[in-house]
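These are the structures, in structure tokens.
Shared between the two complexes below is subunit A, which pairs with subunit B and subunit C, respectively.
Showing the complex of A and B:
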């Protein structure tokens, strides 16, 4: 019982620390790729401390509540996500709950930004929802393939079966969905080929335009959580999860650094190019993977 | 750069945060902006000082006035400055915002920027080298440490003076006063 309560507190806290560490690491690694020295690893923490100490103007109650909804949705998804052996809620939920709750993050930001009534926000929100539509289709097919292969909707069961049978990323039936998930991972994380939502050079950081002070701090924390969620889902589904948090963290780190290299090398898609890409290659791979899984099961 | 100042961090985290996380609003007022791209990109790398450009004034707390300020630009500068969350710091870059510089007799530029918005520090020169921005940033750190970078407080206290100067230049302003203007004599 006590262990359960501790897990409820510890799991989002670890997710937050890892997410913020990833934010700092991404800035440092991007700097080294640009042949710069780069900021210290603690720079996101300094930024968050500064943002919390700033005065910030609000645009109404929905503006305040939307960002909290987004943050709360992300924390709930983290509770459903197995982290090593630590999984406070995952026995009662499963992949379907994660799929639903993952939408709360973008939706909360959209609600909050809508109150700001800035044209850049409207463009950013429409892009965010279109992009979500773009990656939800392949994500659904991928999760369907995984659930059909392992005959379960519980993510804990998926991890357990992989620990007996090996990673699903290197087993034949789930290889194609695994590759498809890696292809849509930048879209889920908002990394560069799919950085259409923020796009500081075009639409002045999109939904974040009116966020200053505490709002931006909460949005940064939410971004840290969403980084954790996107990568942790990949590690759990395809890289066999882990039996302890340290191994899990190392696997996440490898996936994230690979994603950063993609982020550093590619320019930005336009939104219709992004959706065209997402609905073509990852969807095709996931669909073929699903058929392969069905044929093998026969 | 001394980052091992744990005691200071524990004593006043907000002040240290303001020091080491200066987000500059990326707003091109004049020719001086040509010095900013080398500063923020690979050649001089301002990010190691915690200085990054952001796209909107709401997220920024450092305002670099780069180069001459024409009368038309000043209107946008005032509005941008008023939208930035407090505490906010302004640095005049180049000799034109200080006293008009080579545009001292132009009908279309303002001569003294600090009559219209408060300025925390100046970088003299035409053009200043990019390194001068880092010197300015380190000076600004010292000022923040001593509590002397108080332009936003001066703006609130002397808003009547600044607003009068702005109205003198433009006739009527199309936005309401940021702070209530009360007459202390009445």
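Showing the complex of A and C:
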């Protein structure tokens, strides 16, 4: 019982710390790749504290509620996500619930931004939704391949089965979906070649344009959580999860840094290019992977 | 309380309302509301009382039977509730229009005939009520005249084709078994040859598929839904169309039986049906994204959501059928809600349905917006709304049965839904309020009431799905399928349970915590909508809302593939037939002189033949 309560508090807290650490790390690594010195690792924390104490403006109650919903939704997803041995809400619907709960983050921002009454926001949200449709096509195929292969919809079961049978990333049927997930990971996380949603030079950072003060702090925290969720899902589905949080963190770190190295070198896509890319190679790999899973199952 | 009395109240009430309208409109309105609420009460009272009675036996020597079981009760209560709410909504919506007596008569008649359909215990009375429903729906669809007439015509032509298919099927059943009573046919049909059952299945699939707007019979639905008066659109999309689903369930699970249904055509029939369901999800939801008329957008979702039901039911597993049936009532709740929301906006803005000319209405119509938001969440199927539970059941069934591609179709349809419905919400309620709508008032109470009730139903069934699932479980077990382990907040099972109360508690607790943190921060000062960042430029007052071509980059990519080919094909046939008939009209001019000429030409050709070849 006590362990249960501790898990409920510990797992979002660790997720937050890891997410913010990744935010700082990505700025540092990007800067080094660009031959700059870069901000200190703690910069995001300093920013969040600073933003909390600053003045902000609100456009209405949905403007406030949307950002709360967005952050709350992301935290709830973390509760569904196995993190080492921790998974507070393991028996409440499995992967399908995670898939739907992951919607709350962007949806909250979209609703909140909608009341901001600024066309830059609307353009940003329209791009976000198009991009999401773009990566959901391969992502759904990947998740279906995993669920069909392990014959379960529970993510805890998926992790458990990998502990007996080895990582799915290096097993034959799930190799292709694994690669596909790695290819779409930057789109899910909204990183470099896919940062069309914010695109500061084009649409004044899109959905964020009306945010200031604590709103911006909340949006940053939400972003940190979504970084954690996107990578943790990959680690759980393809790298066998982990038996303790430290191993889990190391696996996440490796995935994140590898992804950064690859993506730091690319310039930003246009939204159509992004969708075309997502619907071409990752989808093809995931599709073939799903067929392989079906053939092996027969 | 007997079932005849129920139908007498329903039909008699409809005609009495019409007569009362001739005396006073206030009396008529309150009587219509009273009748529709009385029906809800009576049906709720009849819960769990199986009834079966032949009330008339003179019709062609066939007994007309009324019966009540869980399946018909489930549909009856849905019909009655949606009917009552739409009548209440109509009070202000239809006030001041012409032919209001007629409108109420038809609304109540549609309700009564739908109740008749689900209570029928034999196919003759089923058919009679079915036709009453089809025709009164036609009259309501074309109520607004203008383009509504064409929409109604399209509907009734397809509906007649469906009814004809059903009639042929019924006659064939009668010829084979000499009875049309459902409970008497069911045991006999088990011994029929598979080919014959397949023949019947195809006929009834056409009959109910047209009503259910299943691809490729969906083309009547989008114009009909968008042109009908909004309260009737709610009934039409919510439950009238789903009479087709009732027909599917009745034919495939009650008459034919699940075992034979799953074995039809060596097991391929239900598989093809499932694929039709999947196609029916994907194409319409993506077409919905391209729509600029709010009601037409919803109408396409009405087509799309039907796909989930067909998909679930076609699987034939207890999970799938439960999900499919649950999706019917869920769809009823949120699509009715959304049509009523559009109706309220239409009412306040003098009939504006164009998504590109609205905006910012959240500031003027907050309750309507909350209704829209909850309806949208339900239609997307976010957790804690009822739509999530039924979709979850269908997905789970598909994945565990090893149909990942069907599951992919269903899941990607959800994403099409998100895109199109965010556009719906954003273009109407969010963004900047145009100056011409500054003086708009809230929706009247009689419009807010149904919106609130439907919103509550969506949330209630989302958090406690066990309430309807218990009834559905009775239906599913009566089909001879395995019973599910249902508790009040979800489904327990070894292969992955669902527990909505956990999700609810988690969302509530985390939301509260985040809110407290938010409150702890410095208070945000309220800003007017003109005070937005525009890089120093002046902000235009009239149109500063990004709506037109909301997903333009995506449209450019996918719209060439999203033509409604089926509709074009039907239109092509229709133009062809029209051309042919026009050609024939040149022959049958109605001028006596022409006919005399034809007679003379015919006679002279006969004479010519005789002279040349001497046949006679």
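The rule is short, and it goes like this: the second predicted complex is superposed on the first by the 298 of 298 C-alpha atoms of A that agree within 3 Å, B and C clash if a C-alpha of one lies under 4 Å from a C-alpha of the other, contacts with A are read in each partner's own complex, and residues count from 1 in each chain.
As a working rule, a residue touches a chain if its C-beta (ideal position, glycine included) is under 8 Å from a C-beta of that chain, and two chains touch if they have at least 3 such contacts.
These numbers were taken from a predicted model, which means no experiment stands behind them.
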Touched partner set for A:47, first subunit B, second subunit C, both or neither: first
Touched partner set for A:129, first subunit B, second subunit C, both or neither: second
Chain touching more of subunit A, residue-wise (subunit B, subunit C): C
Subunit B versus subunit C as contact partner of A:31, first or second or both or neither: first
Touching partner for A:170 - first (subunit B), second (subunit C), both, neither: neither
First, second, both or neither for A:57, with subunit B first and subunit C second: both
Partner chain(s) touched by A:208 [first = subunit B, second = subunit C, both, neither]: first
Touching partner for A:254 - first (subunit B), second (subunit C), both, neither: neither
Touching partner for A:39 - first (subunit B), second (subunit C), both, neither: first
Partner chain in contact with A:272 - subunit B first, subunit C second, else both or neither: second
Set of subunit A residues, in rising order, touched by both subunit B and subunit C: 53-57, 204, 209-210, 213
Touch list for subunit C against partner subunit A, complex: 360, 362-363, 373, 380-383, 388, 392, 395-396, 399-400, 402, 404-405, 407-408, 411-412, 415-416, 418-419, 422, 425-426, 429-433, 490, 495-500, 502-503, 506-507, 510-511, 513-515, 518, 521-522, 524-527, 529, 531-535, 544-547, 550-551, 553-554, 556-557
Subunit A - residues contacting subunit B, complex: 27, 31, 34-40, 43, 46-47, 49-51, 53-57, 200-201, 204-205, 208-213, 216
Subunit B to subunit A touching residues, read off their complex: 3, 13-14, 16-18, 20-21, 23, 41-42, 45, 47-48, 50, 54-56, 58-59, 61, 84-87
Complex contacts: residues of subunit A adjacent to subunit C: 12, 52-60, 62, 64, 67-69, 71-73, 75-76, 79, 89, 91-94, 96-97, 99-101, 103-104, 107, 110-111, 114-120, 122-123, 125-127, 129-130, 132-133, 136-137, 140-141, 144-145, 147-148, 151-154, 157, 204, 209-210, 213-215, 217-218, 270-272, 275-276, 290, 293-294, 297
